[in-house]
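Scrolling down, you'll hit the structures one after another.
After this come two complexes, each holding chain A, first together with chain B and then together with chain C.
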Partner chain A sequence: MTFVFRRLLMLIPVAIGVTIVVFFMIHLIPGDPARTVLGIHATPQRIAILHRQWGLDRPLVSQYWLFMDRLMHGNLGQSLYYGVPAAGLILSRLPPTLWLICYAAVLAVAVSVPLAMIAATRKDAVRDHVVRAVPLVGLGMPPFWVGILLVYALAIHVHAFPVSGYGTGFGGHLHSMFLPALTVAIALAPVVIRSLRASMLNVLGAEYITTAKSKGVPGPRLFLRHVLRNAVIPAVTVLGINIGFLIGGTVIIEFIFAIPGIGQLMINSIFQRDFPVVQGVTLVFGVLVVLVNLLADLSYAALDPRVRFDR
Partner chain B sequence: MTGPDMTKRGTAGPAAAGPAVAGPMLEVSDLHVQIAARHGTVRAVDGVSLEVAGGEALGLVGESGSGKSMTLRAILGVLPPEARITSGQIVLDGVDLVPLSNSDLNHIRGPKMSMVFQEPMSALNPVMRVGHQIAEGPRVHMGYSRSKAAERALELMRRVGIPDPERRFRAYPHEFSGGMRQRVMIAIALSCDPEIILCDEPTTALDVTIQDQILRLLARLCADSGVSLIFVTHDLPVVAQLCQRVAVMYGGQLVETGDVREVLLDPRHPYTLGLVRSAPDVEYVRNSLVAIPGSPPSLVTPPSGCRFHPRCEFAEEDCKVQPTPLRELPGGSRSRATACLHYERCQDAVAADRVGP
Partner chain C sequence: MSAISFPEPVLAAEAAEHAQPRGARRWYRQPALASGLILLGIIVLAAAAAPLLTPYNPIHQNLGASLLGPSAQHWLGTDQTGRDTFARLLYGLRTDLRIGIIAVLLPFCIGTVTGSIAGYFGGSVDTVLMRLVDIVVAFPFYVLIIALVFVLGPGQRSIYIAITLVGWVSYARIIRGEILVAKRQDYVLAARGGGLSSVRIIRRHLLPNVISQAIIYSMSDIVQTILAIVTLGYFGLGVPPPTPDLGSMINDGQNFLTTHWQLTTFPGLAVVVVGLSLSLIGDGLADLIRPGQS
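And then the complex of A and B:
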């Protein structure tokens, strides 16, 4: 329990850091945000009103305090474009994004485990080299390009999947989101395969595998109970870090596949100069990355009994 | 330093029980194991023949790299991927194991033979509860239900002297001490009532006091259940304490075999003589501790003739050319054999050591 508790405590400074970065975003925009929003023909009076509205006329510390105070009450400001609270807007667009991330992670793992096993059980054989080399193509191609290729091949030519959209109901989501999730998984899988293969090779050489063989444990049980159970431990961290990277990448995927998630919301809001929404989405992305890493660390502790006691 | 006991340590002693079945239970004949390495083929085991009767404990001794562990792993069918059996037979209960597939061997490993390893920390699965590791064999081989296998595991934990087994069942290996881990390994090895347990230096990684406890435990278990042992070690007193017979390995070959007391007190091979002369704990009468000069032979390009001749004080010209298979000694006990062409010289040296300074 101490490990979990410490890990949760570590969230506090990280969360504060995320809010500081998000808060300063508005000051990173070149020039005056109010002028950017109102256009070059805005009168000084209107700009001054907007400054007062956004609290931009106050000292930075007091501005941050105000920002945090509103944040604590779940208030991310009003959307300038839609005229509704940004928090509610973001919340309503969150499920498709979470769907995409989880779906992609599941697909990536489902592809990586058997491929890593195929590679690791015949080290340096042809199939090992194939498994190590081919997925790198997926890593080398930018996800938006892979996404377009998949749409072209599987949606436009074969009609196996819809070109875009989120679908309705669980089955509908599963069907409609397959191509975007696959696109993300293709970027995610190569790293996971490599890490899993390396840790499987490590585990296969371990003495406790010989012990399991000396007990006459049959192949499938040996693989699941002894090899995989130990090999996933380091791979979980790698998966977590890379999902964290890919959360930013889902923005472009949502845009390509017209998924009504927060990534699409972000792009539209950038075009509309809808600062509160952009700020809010950035905050949510930051929180998601932090949560994914937290989840990875907690699974690490759950999978490896030594972590819970050694610290 | 002259006493009835051959060691300075404990007195667990060899089990008095004689062979339970007529003829050998395990018979290894002319076993060759080769390892493909970058610098050439390593002939790790080069024509080893062994016999173990039911209920018997055989010590397999020799220095590091002499092929002891490879012999054990070949018998169990768990050689490293780069090593393979090139010829020979391993007959267990009348069945040759060499041509068997891995899945066929899985029905033999566990119920018929099992292994105890040198380093119990690395030999136990770090993320699996100790009780489940012990219960796994009965689950797989005896068709036990989860609860029945757990009961079996608790019983085994009690048998190998793990205190408070109900609580320890759910613990992980890293929560155990070295000695307790080795008890867990022994419980795993015993879990399916095997006929033979292969021990690969099971006491080397342990404290001396714990070593003695583990040896006594093994000796007691063998006497109780009539299980046979092959005990690989470079520790001669341990062999003297636990085994009835000993086989001495050098450079992938056997150089001397026989009754433990006869071989260690009255060696008939210069290498065995060197071993007992250099082991302070063995009750061999000597003037002083003498190390064997030189270093172990290359197993890629082994010396011609007798592999020990470059280090041997008695070597003659014929030792460099003639192959030296084991030959039975006249007047010795069962399977008393030596590979030395000039073992009489060894005999004279032993006699000289007895006269003393």
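And then the complex of A and C:
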């Protein structure tokens, strides 16, 4: 219980910091933010209205208070392009993004675990070297480029999957989002494969494996019950550490595959110079990462008692 | 934060696995390091010698020769405005490599300094600096980079600022972790007992021993930075046209994917090869340095 409490307490400074960073985004705009955001054809009245709305005529600290006060009431400002509250806009676009994140995480594990097993069971054999070459090549692949090539190969040429879109219903989502989720998974897999292979090798050398072997535990059972169970924890940790990368990757991939999530909303809002929406999406992404990290830490504590005593 | 990071135990496990006898630790006996250096050398040479390797100007348009297929004159064909793709590829590589390498210098220095201060002095300085790291890490890498460059306005200067603001945290974490361990070693205690100043201990005694980890990391950091630059270029937030950039080349070529696949494929492949060479160098350096430290 104290672990949970301490972990929640650590959340407070980070959460405040996240809001400060997002708040300061306005002040990074060169020149007068209102004029830059509204463009050169803006009337002085509109600029004055935006100044008042954002509280730009007040001192910095009071601006931040205003920002926080609105945030606490779920107000992320008004979208300049759509003319609706940014918070509602972002909320309505959240489900496809969450879908993509979960789907991609599942695919990343589904790709990585077998490959890591193939490599670790025959260390330094040809198949080990082949698997170890995967991260070297994979780390340098721009995710959006992989997405474009997958669309070309599997959607345009073979017609196995739709070129873009979110699909309808559970089956529709699974089918339509396969390529985007695979793209994110391919970006993530190199790291997971590398870590999983290393931790499997570690476990394979442990004394309890020797003991299990000498007791005559059959091969498959040995691997599933003794090796994989212990090796998977570090791999999940790696997935947890890189959750920011996983979530950030969806921004680009949603745009490539025209999935109506908050990543696509962010990129489109950048093209439309819709500043409040960009700001709001950045905040939501930050909160998402903080929450997922919290969830990951809490679930380790629940799964592995060693974590609770370690910290 | 860095785009991709490994937890300490994994790196330690890999290091142990690669421990080798001393004689095998010359750089040219490390196949990974040697092949990575050779590959990167070829790429850098090709990019630097671009004007000698191709007679074409990468921004010179020739609408009469648009969208040509690969031929003896145009090795990779031409794009929709008749610019030679091979020339643009070489010059684009030049742009992205240069920005990618320069962009990690500042985060490297800032992260090393803050990491050493946090690790060496500990206490409240450490707490504050590490909370700062937590805050930056709370944002997804690409979200923060894209948002920052959008706010600052597209272009090289914004890329440098954004990468610096986000990238220093990884170096700070690595150096802090290494210093936490190293500062308990006898030689540091001896230096302290000898009355050396903290600055001198950090600079002359600690950093030379821990900086290798940051250098190894910087190899994969350059890869991630180049990926970020290419991604920004793809979204039109990177180096402004007509300067050739691999990201904007992929974006231009995308419209002709079904008929001229080479326009999209080769710029991406160039990034992959750069990434491969730097990853090989990083792995090779890790093999070279780590066993000697333990």
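The definition used in the following text is that the second predicted complex is superposed on the first by the 298 of 311 C-alpha atoms of A that agree within 3 Å, B and C clash if a C-alpha of one lies under 4 Å from a C-alpha of the other, contacts with A are read in each partner's own complex, and residues count from 1 in each chain.
By definition in this document, a contact is a pair of C-beta atoms (placed from the backbone, for glycine too) under 8 Å apart; a residue touches a chain by one contact, two chains touch by 3 or more.
If you're wondering where the values come from, they're calculated on a predicted model, not measured in any experiment.
Comparing chain C and chain B on the residues of chain A they touch gives the larger count to C. When the two structures are aligned on the shared chain, A:207 is found in touch with chain B, with no touch to chain C.
Contact with chain C, but none with chain B, is seen for A:199 once the two complexes are overlaid on the shared chain. In the superposition on chain A, A:114 makes contact with neither chain B nor chain C. Of the two partner chains, chain C is the only one touched by A:278; chain B is not. Touch criterion met: A:148 reaches chain C, while chain B stays clear of it.
Contacts of A:218 after superposition: chain B is touched, whereas chain C is not reached.
By the touch criterion defined above, A:289 lies against chain C but remains apart from chain B after alignment on the C-alpha atoms of chain A.
Applying the stated touch rule to the two superposed structures, the chain B and chain C interfaces on chain A have no residue in common. The residues of chain C lying in touch with chain A in their complex are 1, 3-7, 9-10, 13-14, 17, 131-132, 134-144, 146-148, 150-153, 220, 223, 227, 230-231, 234-235, 237, 247, 250, 254, 257-258, 261, 264-265, 267-268, 271-276, 278-280, 283. Residues 73, 76-78, 81, 102-103, 105-111, 114-115, 117, 119, 122-128, 136-137, 140-141, 172, 174-175, 185, 188-189, 191-192 of chain B are the ones that touch chain A when the two sit in their complex. Contact residues on chain A toward chain C in their complex (touch as defined above): 13-14, 17-18, 20-21, 25-26, 28-30, 135-137, 139-146, 148-149, 151-152, 156, 190-191, 194-195, 198-199, 201-202, 234, 237-238, 241-242, 244-245, 247-249, 251-252, 255, 266-267, 270, 278-279, 281-282, 285-286, 289-290, 293. Listed in rising order, the residues of chain A touching chain B in the complex are 123, 206-208, 210-219, 221, 225-226, 229-230, 233, 303-306, 309-310.
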